[in-house]
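Labels run A, B, C and D following the written order; every chain starts at residue 1.
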Amino acid sequence: MGKLILKRVLLFFGLLLPVIAFAEETEISCVICHSGLSGEIVAAVDQWKRSIHKSVGVSCPDCHGGNPDSMENAMDKKAGFRGRPKIEDIPALCASCHADVQKMRQYNIRVDQYAEYKSSVHGTLLLKKGDTNVATCVSCHGKHEIRKKGDPLSTVYYANVPETCGKCHSDKQKMKPYGIPTDQLDDYKKSYHGQILYGKIKGKNPALAPNCADCHGIHGATPPGVEEVVNVCGNCHSKTAGYYRESPHYLAMQEIGVPRCVDCHSNHNIQFPSVEMFTGKGEGRCGACHEEGSLPLETAKEMKELFGKVIISVEEGEREVKEIRSSGRNIDELLLDIDEARGMVTEAITVTHTLDPVKVKKLLDDSVKRLDEISYVAKEVRKDIKIRHIAFLGIITLILIIVILLLLKLRSLKYL
Amino acid sequence: MGKDEEIKGEPFFPNHVLKEIIIFLFILGLIITLATFIPAPMGSKADPFSTPEHIKPEWYFLAGYQLLKLAEKLDFLGAWAPKLIGVLGQGFIVAIIFFLPFIDRGSERYPHKRPIVTTLGILGVVSFIILTVWGHYS
Amino acid sequence: MGEEKTDPSLLKSTRRSFLDILIGLGFSVLGVLTFYPVIRYLWPSMNSGGTKESGITISLTELSTGKSKVVVVGGKPVIVVRTEVGVFALSAVCTHLGCIVKWDGSLNRLICPCHAASFDLNGNVLGGPAPKPLSTLSTKVVRDSILIGKA
Amino acid sequence: MHKEEKELRKKDIEKRTLFRELFDIFSLTGFLYGPLDERLKFRDALEKQLKKTTPHYRFFIERNFLACLGGITFVLFLIQVATGVLLLMYYRPTIAEAYNSIVEITNNIHFGWLVRGMHHWAANVMIITVILHMTRVFFVGAYKPPRDFNWLTGMTLLLLTFTFGFSGYLLPWSQISYWATTVGTDSIGAVPFIGETLRYFVRGGPQVSQLALTRFFALHVVILPGVALFCLGLHFLMIRRQGISEPL
């Protein structure tokens, strides 16, 4: 409250004695003159006040040029006043600071964004073909309200990235000249990755889910190349990528270009893989490429059967173990065993990328063996519970009989 | 002598002892039933570096626990007030019950002939039950 | 003392004693039913008695020539002695009163510290109060390890 | 009649041979009917005790089952002693092993679940009965002189029961027991002047750790039972000397 009054007083004096006001807050000198023009600049200043730039002292003239210290030539083009920067100038303007190692060192942030941007599709279109329709720095980071990427309100916060990219890439009008689809954002939101990012999958960390930038790159935004798909997915799914490279699929991919990861799992709308993929003719199913009755499809059917059985027995094992909890027993060890068995199944799922049923079967057999042990223990405990209940009935009956006898005795004493 | 006893009461042995044995068997049956069908809780091993949520004491300390929580409303008296009043207040209540025979010195035994003590007792029992239930559900 | 004379009291007493017998019987059964779980509870379970393995392997480097080592085989202490002649393994429990015997390299004997019973490396009693020889275990040196009690 | 009986006994003793007498001393009946009783007068003392009467209660319940609450509590105490000793056979009071030993008792030891379950439930029921017992004594005014000092031993026993519960709760060293004890001992710190010191003393350190477990174990298994037995003795002795209070 007091501060506000102080500010108003200063503003009042500022009108009379601009020099005093400049000493207090430089921003004010731009605002004083511009506030009368329209609301736009006030809004821009408000936005800027919330930005990271304000807190590190980057102010209006740093981007817009000009000299706010002198009333006369504040907006003199000769003195370097830029006004609204041209779109094609923006990357270089930002880079004037952000590519400067000396300046960026104190903030401990990288300086290669401009170089990466220049190599990107966005960058080449803008800088080489002069296409001002493409994304520049401000398209993603905002104009005045630029926030740190760790700030949840930032447009480049990991959870906001899909919407930020989608702002342009879902716009049919904007994408028309390039002939690329506009349904990526919707697809991504439906995908398993998207579901994790938006916190809809329990037990998965949203911060670890890939957003657009994780596959397409951040500043060097470029569509992943054919060979690179495995590399891109393999960045996180390294084990799966390794198994894939062992498989006949990889040889085929090198020769004829398919199947890549996205051919079976799709690209933006990635769903959690299921054993259903082994059968059927739809997109992403084995039958989409392989003919009915061919050896690969028979192998796929065999694998599906293997998995179907084991997945059921894992669920059964878990149910059995939870059932015996009523015995008051500590079942941590058994649950750990179940987790291990389930881990083996998960491992087996990645091993299916080798297309080698022998390797898959070996893992699944181990898993089944572990599950059998668990279910043996569960059975023993269930038997034990049954015995407990029978023994309980016996002893309670005995106690009741004795109580009745004692009551009879008590009566005989009373009426003696 | 025999007539005298009948008027005074019943013999400790065997009558009273028999009753005690019957009650004992009853209690034994009850405890075996409870132990068979509601096993003692197991929980997970203590981890001094992670406090579980909704930590609560055993049910018979819930009333005291709830009183401590209620005493937190007294923080307008200062930061020292809630805990001190909560703990000392309970100590005071226990001390009063402890030394009850020396506070309530009247020789009258009928509950309805000593209304103050009886009312206080009923209030005490009721508030113990309410606080316990409240502590359980809060 | 004078019950024979009056019939009703006799009847009463027999009825009562029958009840007493039933009650006694009930309590005896209850007692047995209490006793059984207690004994089962107290009886040491199988897995708390140590390993059931009948043989172990130790490394040759753990045992230089002329030295001895007491190891546990199948839950019982066993003394392993390495001499120039070879490696010997014997029960380390003295047959006299159950102390653990020691290897005395200078005398070439196993000596019990409690009552000075002495044994040779084949377990035979050489002196002292021991009534029986020490039992021996088979030993075998495979490369750099000693197999004890493994056939 | 009395004199005649004594005469008979005297004659009986005279008939005995030395060997028979020695044999009888070691027999079970020696205590109540044999030569030991002749010297120690167990039987007379016991009969005197057993012949004492308990009053008929008309208040609350005609058949005076409410008067049994104290007896039930004692019986529960005996159950606790028996099952507690059994648990002691397998319990290991270290922070590394305590929880594992409890798991072993419930999972692997025959009837371990029953012993632990009974100990757990008898403790809870005992708290209920001890409170009910106190409430009954309160409302029928049985705490009035001359039984005022017995109320003191009774209240001590009630507090002991609560301390039993509190100390026993820590012993399984599970999450809930650890944190309940941390919170519980923390409120000791609110006592003025000596609070912090007292809390440090009770916990055996700044935090609940091994020393606290050892302390609570010793308290639960040795110290409290000893004190409780002493108080129980006093409690019963006073009841015997003063008789159960007359019913209203």
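By our rule, a contact is a pair of C-beta atoms (placed from the backbone, for glycine too) under 8 Å apart; a residue touches a chain by one contact, two chains touch by 3 or more.
Only a predicted model underlies this, so the values are computations on that prediction, with no experimental measurement involved.
Chain B has its Cα centroid nearest to the centroid of all protein Cα atoms in the structure. Across B-D and A-C, it is B-D that has more C-beta pairs touching. The distance from the centre of subunit B to the centre of subunit C, with each centre set as the mean of the Cα atoms, comes to 50 Å. One simple way to say how far apart two chains are is to compare their mean CA positions; for subunit B and subunit D this gives 18 Å.
Averaged C-alpha coordinates put the centre of subunit A at 62 Å from the centre of subunit C. With each centre defined as the average position of its C-alpha atoms, the distance from subunit A to subunit D rounds to 61 Å. Taken residue by residue, subunit D touches two or more other chains at 103, 106, 113-114, 116-117, whereas all remaining positions touch fewer. For subunit B, residues that reach two or more other chains under the stated contact definition are 15, 19, 28, 32, 36, 39-42, 44. Among all residues of subunit C, none touch two or more other chains. With chains as nodes and touching pairs as edges, the resulting graph is of another kind, matching none of line, ring, star or complete.
The part of subunit B that touches subunit D in the complex is made up of residues 5, 8-13, 15-17, 19-20, 23-24, 27-28, 30-32, 34-36, 38-48, 51-52, 55-61, 68, 83-84, 86-88, 91, 94, 97-102, 104, 106-111, 114, 118, 121, 125. Note for the complex: subunit A touches subunit C at residues 394-395, 398-399, 401-402, 405-406, 408-409, 412, 416.
By the touch rule above, subunit A contacts subunit D in their complex via residues 327-330. Of all residues in subunit A, those touching subunit B in their complex are 326-330, 332, 388-389, 392, 395-396, 399-400, 402-403, 406-407, 409-410, 413-414. If you check the complex, the residues on subunit C that touch subunit D are 37-38, 40-43, 45, 47.
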